[in-house]
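Both complexes shown next keep chain A, but they swap its partner, so chain B is in the first and chain C is in the second.
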Partner chain A sequence: MNRIWRIIGQRLLLGVLTLFIISVVIFGATELLPGDLASQLLGQSATKETLDALREQLGLNLPAPIRYWNWLTGFLQGDFGTSMATKKPISELVGARLVNTLFLSLYAAALAVPISLTLGVLAALWRNSIFDRASNAVALTAISFPEFFVAYILILWLSQSGFFPSMVRITEATTTLNLLYMAFLPALALTLVVTAHMMRMTRAAIINVLASPYIEMSLLKGMSPMRVVLRHAVPNALAPIINVVAVNLAYLITGVVVVEVVFVYPGLGQLMIDAVTNRDIAVVQTIALLFASAYVLLNLIADVLSTITNPRLMHGR
Partner chain B sequence: MTILLSVLIGLGLFFIIGYSARAGLRVTAPAQYKPTFRDMPLTASFGLTVIVFYIVIAIFAQAIAPFGEGEVMGHQFLPWGSPYYLGTDKLGRDMLTRVIYGARNTVGIAFATTALAFFLGSVLGIWAALGGGWIDQILSRFIDALMAIPELIFSLLLLTIFGTSVLTLILVIACVASTRIYRLARSVAQGIVVTDYIEAARLRGEGNWRLIWREILPNAMAPLVTEFGLRFCFVFLSISALSFLGLGIKPPTADWGSMVRENATLITFGDVTPLLPAGAIALLTVAVNFVVDWLLYRASGLKE
Partner chain C sequence: MEKPLLLNIRGLKIEGRSGDTWHTIVKGVDLTLHKGEILGLIGESGAGKSTIGLAAMGFARDGCRISGGTIDFDGIDLRRATETQRRGLRGKRIAYVAQSAAASFNPAHKLIDQYCEGPVIHGVMLREKAETDAVELFHRMRLPNPAMIGFRYPHQVSGGQLQRAMTAMAMACRPDLIIFDEPTTALDVTTQIEVLAAIRDIVSQFGTAAIYITHDLAVVAQMADRIKVLLRGNEVEEADTRSMLAAPRADYTRSLWAVRSFARVKQPPSTGRPIISVRNVTASYGAIDVLKGVSFDIHAGRTVAVVGESGSGKSTTARVITGLLQPKKGEVLFNGKPLPASFKARSRDQLRQCQMIYQTADTALNPKLRLRELIGRPAEMYLGLKGKALESRICDLLALIELEPAKYINRLPSELSGGQKQRIGIARALAAEPQLIICDEVTSALDQIVQEGILKLLDRLQGEFNLAYMFITHDLATVKSIADEVVVMQHGAVVERGSKAELFANPKEEYTKLLLSSVPEMDPDWLNRLLAARSNNDKSGRSTHSSV
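Moving on, here comes the complex of A and B:
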């Protein structure tokens, strides 16, 4: 039991270290800007006095490490600074949108994970059959589609015929049920994009295990193939499956950007695209760090979970 | 109903093209390659045909396209009809012409980006494997940290800093994509570096650059070529996504991603025209994926 805690502790430390390096990279990237923010904000015609005054106000006259420290501690306390374009505090812009984006990702995950795991297990069970080959070809095709193509096909098909709305407008009065209905198309688009990959990897992981002698043994003693897969193959393929699910959920977090733009969904992705267009660096930094943290966190959880599912590590000698 | 019908037509075309391409290849191929093409799955022969088709269109775009790339022809959003076979876009430019030129611009830029990413990633990766020690450690840990940031988010961050133009787009995507290639090239090269013939080449006095270029790279080519296909798909999709978001290739250059964005309003009226460029992107990626899948299968089959 001791050993497992040590492994988890190591992973956590490594995760924190990765996040620290990422924050340094994201912060350091702004240092590459030609000139600084003050001269960008004021433009060509600024006098030296106004530039100095603005630098003083923004704290740009301090050396880089100190500015980094202020930025990071502010970030951890939920104070993300102010947006250059709108002059509003970033936490105000980000707050509600973060919740919306998380909702959409979770919604898509709730649809995608059960579907792809079931399909993956079935494809492994009936491998080399027509079902397996067809699902393999369809999955390859789906992986190759750009997100906006899938999204627009869904709009053309399900929204034109009046089943679902093609835009998401969230107001104070929107109930959860209503939101689930409105966000169905974006969630479905995201589901279609990630399902294929998850399904293929699940199938590969299970087939890998099916080659072991103990599977042959259980088949020989007369177990039904379904039972063999569910009782013997899946538990031993859990670690790679968990990893694939986590990688795809992490992909969902960034995949929302395009889908949000197509469906005019008020989430972080939309905000980030607007900020990139306006070159509003403070907002981009904040959202990039938020997305990257979620990404690292998910990978960390997957790491820990797949360690726990391995009995050899769980009950070490 | 129309969706079902178009899926059926698509499947029919897929089988016809797949079968005839395979039959054609089997007849025309030189004797020693014939077995390869005989066992080729339909998906792969279909993919090959599509890729060749795109290359032909990209090269002869000027000769095939009925009008000029940025020429404003008539009214906006004309329906499909005789002089403008796919109608016109929101500025009154011919859609068919723009789709054809898009093959040259979008695919060309994606190809150049992938090639650059490959050059960067594989040379750095092999160099790290060859050098070992602290060079390897520093480079690898640095690239690990970069890989921990989601690709799209990282490219958006870089595009904010360097501004959005075609050149920065190519450089940014190439840098982001090269991190993955670096990993692969390094792990492949590590297996090669310890072999005897590298030792012999070193003793002969070959320099690092020559070792990379003449000894290691040719032997690491097989896995790198399949990776090239996969990376091309990835780069192509991310460039299209960025163009779609308005941050990539800018008008008046004809580009599939931004064409979808420009004409997206038509979709709400039930018109499929804006989906054609998106479909063109999807078709090429599917084709490349099919061929890569076949190559991977062959590589794993030959090893046994």
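Moving on, here comes the complex of A and C:
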């Protein structure tokens, strides 16, 4: 067990380091954007004096390293700052949106992960069959279209005919069941986008393992093909499968921007786009760092799971 | 008295696919096996031994198909049977023991889970009963700590133990027939004996019939009642073990018997300054010392064989000499001058002087390069040859290794046989014009007849170029034929060293004696005699048994 804690510890430290580097990059990138909030707020009527005054008021006149330090220490204490455009605390703005985005991601993941793993296992079991080729073709077709196109196709087919709503409005009165119904189309669009990747990786990882001598051994012990795949191949193919699932889950959290916009879903992606348009740098930075954290955290979980599921790493000689 | 017939194969034909064409790999073989009988199948690689063994289970590997003949197992026609019927037999009435137990146990599950899978799925016994039964069989296979060993993962158990656990697993359903596919080929000689003895005992205790596949005549002589010799998918001859050993009828069988006839001319004792002198080298991977004060010399024109079990530090010594591993203590002298410990600090000329040939030419040759580049690169890099000079040097090297230059120079490694690939490995080493070549198990992956060719070639080249060889091997028969001096290693230390003749005739250390006595001999009573002798020794309190 000590091994696993050591690995988790190492990965956590690396994750923190990664996040630190990302925070520098995010801050640097936003610095490079032309114009700032002051010029955005004042618009055409800005004079040099009013701009300077506003900048001083907003703290924009301080040198970049100091502003970075203030931002970072604030962030670490849970104080994300105030949205300069709306004057609301960012935590308040982001909080509700984050919950919505996580809900949509989990919804899509709950559809996509079981579907793609099942399809991947079956495609490996019946490799080179009609089923294998058909599922492969469909998944590749889905992944080949841009997300917004998939979303519009779904709206055309499933919303115009009245099955599902094409817009998501979340109010106080929205029940979970209602939300599941309303968010079905965006979740489905995301599912279609990520399924192909996970399914093909699952299939490839299992087929790779199927060439091993221990697979032949299990066949020679009289095991059925299904048992051979599920009991003997899958446990040894877990590491690549876990990793591809983690990357796709991270994508579901961070890559939902376009889909959220199409379905007018009140998530982080929408908020980020609004913030970029308004030059609301603090909000952009917060969301970017949240997205980065999601990536780091999911990869950490994937690493740990890959380790736990590998007896050679878990149990010493 | 004739026992009842168990397996009756008639006119078996098996085809293998390469690209879009099918070619026959087993060309009409007959095979009969009675209950409780052991049949040895021998032949070189490509003879179709394993393919026939698997066909006896009604199984053909991917890319193979059984295309003709009948396979009758105890009244069941395996070719006509449905896949479900065949599956019902596999593991239950016909079991299989694979060559590499380390690769054939699933790394994701504990041994006991893999053991119990067969009996439980086939409905022979419940899990609890199977677990108790496993402990019993582990005990009979003389596994250490039989009650607990099942709860370990394959990577936590040594190769010899895994091979015995796999035999126990094959026994789980008390099958009528077990196919042993080279079960001891991957093991050290000292380990091999334990496994052979355990297999033979358990098979006779349960009266199980067996097909024992191997390329090692001496091994099959200990195990089989009858021997069938195969060559390229055809039967050469079959006879009971004693009469075949005494009087092989076919020329091919006689040539297999004669394979070990090659012997290097005895050299006068080496004198003068050695090419390489390993002085008191201690080296470690991490905290564990894998070499402990190793010292020996290699002289020009001489072959020093370094022998020992896997893990004894043979290859690590080579890594120290080549500078891939820096020793903690000690040094390596080249022509009397110390070599820098790391290859990075060595001059190009120092690097050139010491070349390596590896066990598996398949992985040691870049599959994307043609022979021209494979051999040409060291000649270009070390000797600065270019253009015409380089071309003619490559052709000379190919001629030296007895491959026709015009025909082979533009080939890829994949277009060569195993023996030819190993020859390319030799040519690549020669291209640098070294004084020392380290041969790391260079013949271990090859058939005996091919081995013979490689050994003769190495011997001839040594004479022509006055090369020094460090010959790492665990195969004592090879040592007998090629070495001038022998260094015996165990647990990272040199146990004994001396001239070949002296060491073989009069080994001083217990371990050397054990190692030498463990080499199977072409005598069906050898194993019995050896085991009897060793148990007498045990009784008299002088245990020479190694713990495996």
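The rule is short, and it goes like this: the second predicted complex is superposed on the first by the 281 of 317 C-alpha atoms of A that agree within 3 Å, B and C clash if a C-alpha of one lies under 4 Å from a C-alpha of the other, contacts with A are read in each partner's own complex, and residues count from 1 in each chain.
Keep this in mind: a contact is a pair of C-beta atoms (placed from the backbone, for glycine too) under 8 Å apart; a residue touches a chain by one contact, two chains touch by 3 or more.
Everything numeric in this text was worked out from a predicted model, so none of it was measured.
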Under the superposition described at the top, does placing chain B and chain C together on chain A give a clash or a fit?
fit
In the superposed arrangement, which partner chain does A:His232 touch: chain B (first), chain C (second), both, or neither?
second
Chain A as apex of chain B and chain C, Cα-centre angle in degrees (nearest 10)
80
In the superposed arrangement, which partner chain does A:Tyr152 touch: chain B (first), chain C (second), both, or neither?
first
Chain A residues touched by each partner, larger count belonging to chain B or chain C:
B
Give one of first, second, both or neither to describe whether A:Lys221 is in contact with chain B, with chain C, with both, or with none.
second
A:Arg312 contacts which: chain B (first), chain C (second), both, neither?
second
Using the touch definition from the top, say if A:Ser212 reaches chain B (first), chain C (second), both or neither.
second
Just chain B (first), just chain C (second), both, or neither: which does A:Leu14 touch?
neither
Just to confirm the geometry: in the superposition, how small does the C-alpha gap between chain B and chain C get, in angstrom?
6
Of all the chain A residues, which ones make contact with chain B and with chain C?
none
Complex contacts: residues of chain A adjacent to chain B
18, 21-22, 25-26, 29-30, 32-33, 137, 140-141, 143-149, 152-153, 155-157, 160, 166, 250-251, 253-255, 257-258, 261-262, 272-273, 275-277, 279-281, 284-285, 287-288, 291-292, 295-296, 299
Taking the complex as given, what residues does chain C use to touch chain A?
54, 57, 59, 61, 87-92, 95-96, 98, 100, 103-109, 117-118, 121-122, 153, 155-156, 169
Chain B to chain A touching residues, read off their complex:
3, 43, 145-146, 148-154, 156-164, 233, 237, 240-241, 244-247, 257, 260, 264, 267-268, 270, 272, 274-275, 278-279, 281-282, 285-286, 288-290, 293
In their complex, what parts of chain A are in touch with chain C?
212-214, 216-224, 227, 231-232, 235-236, 309-312, 315-317
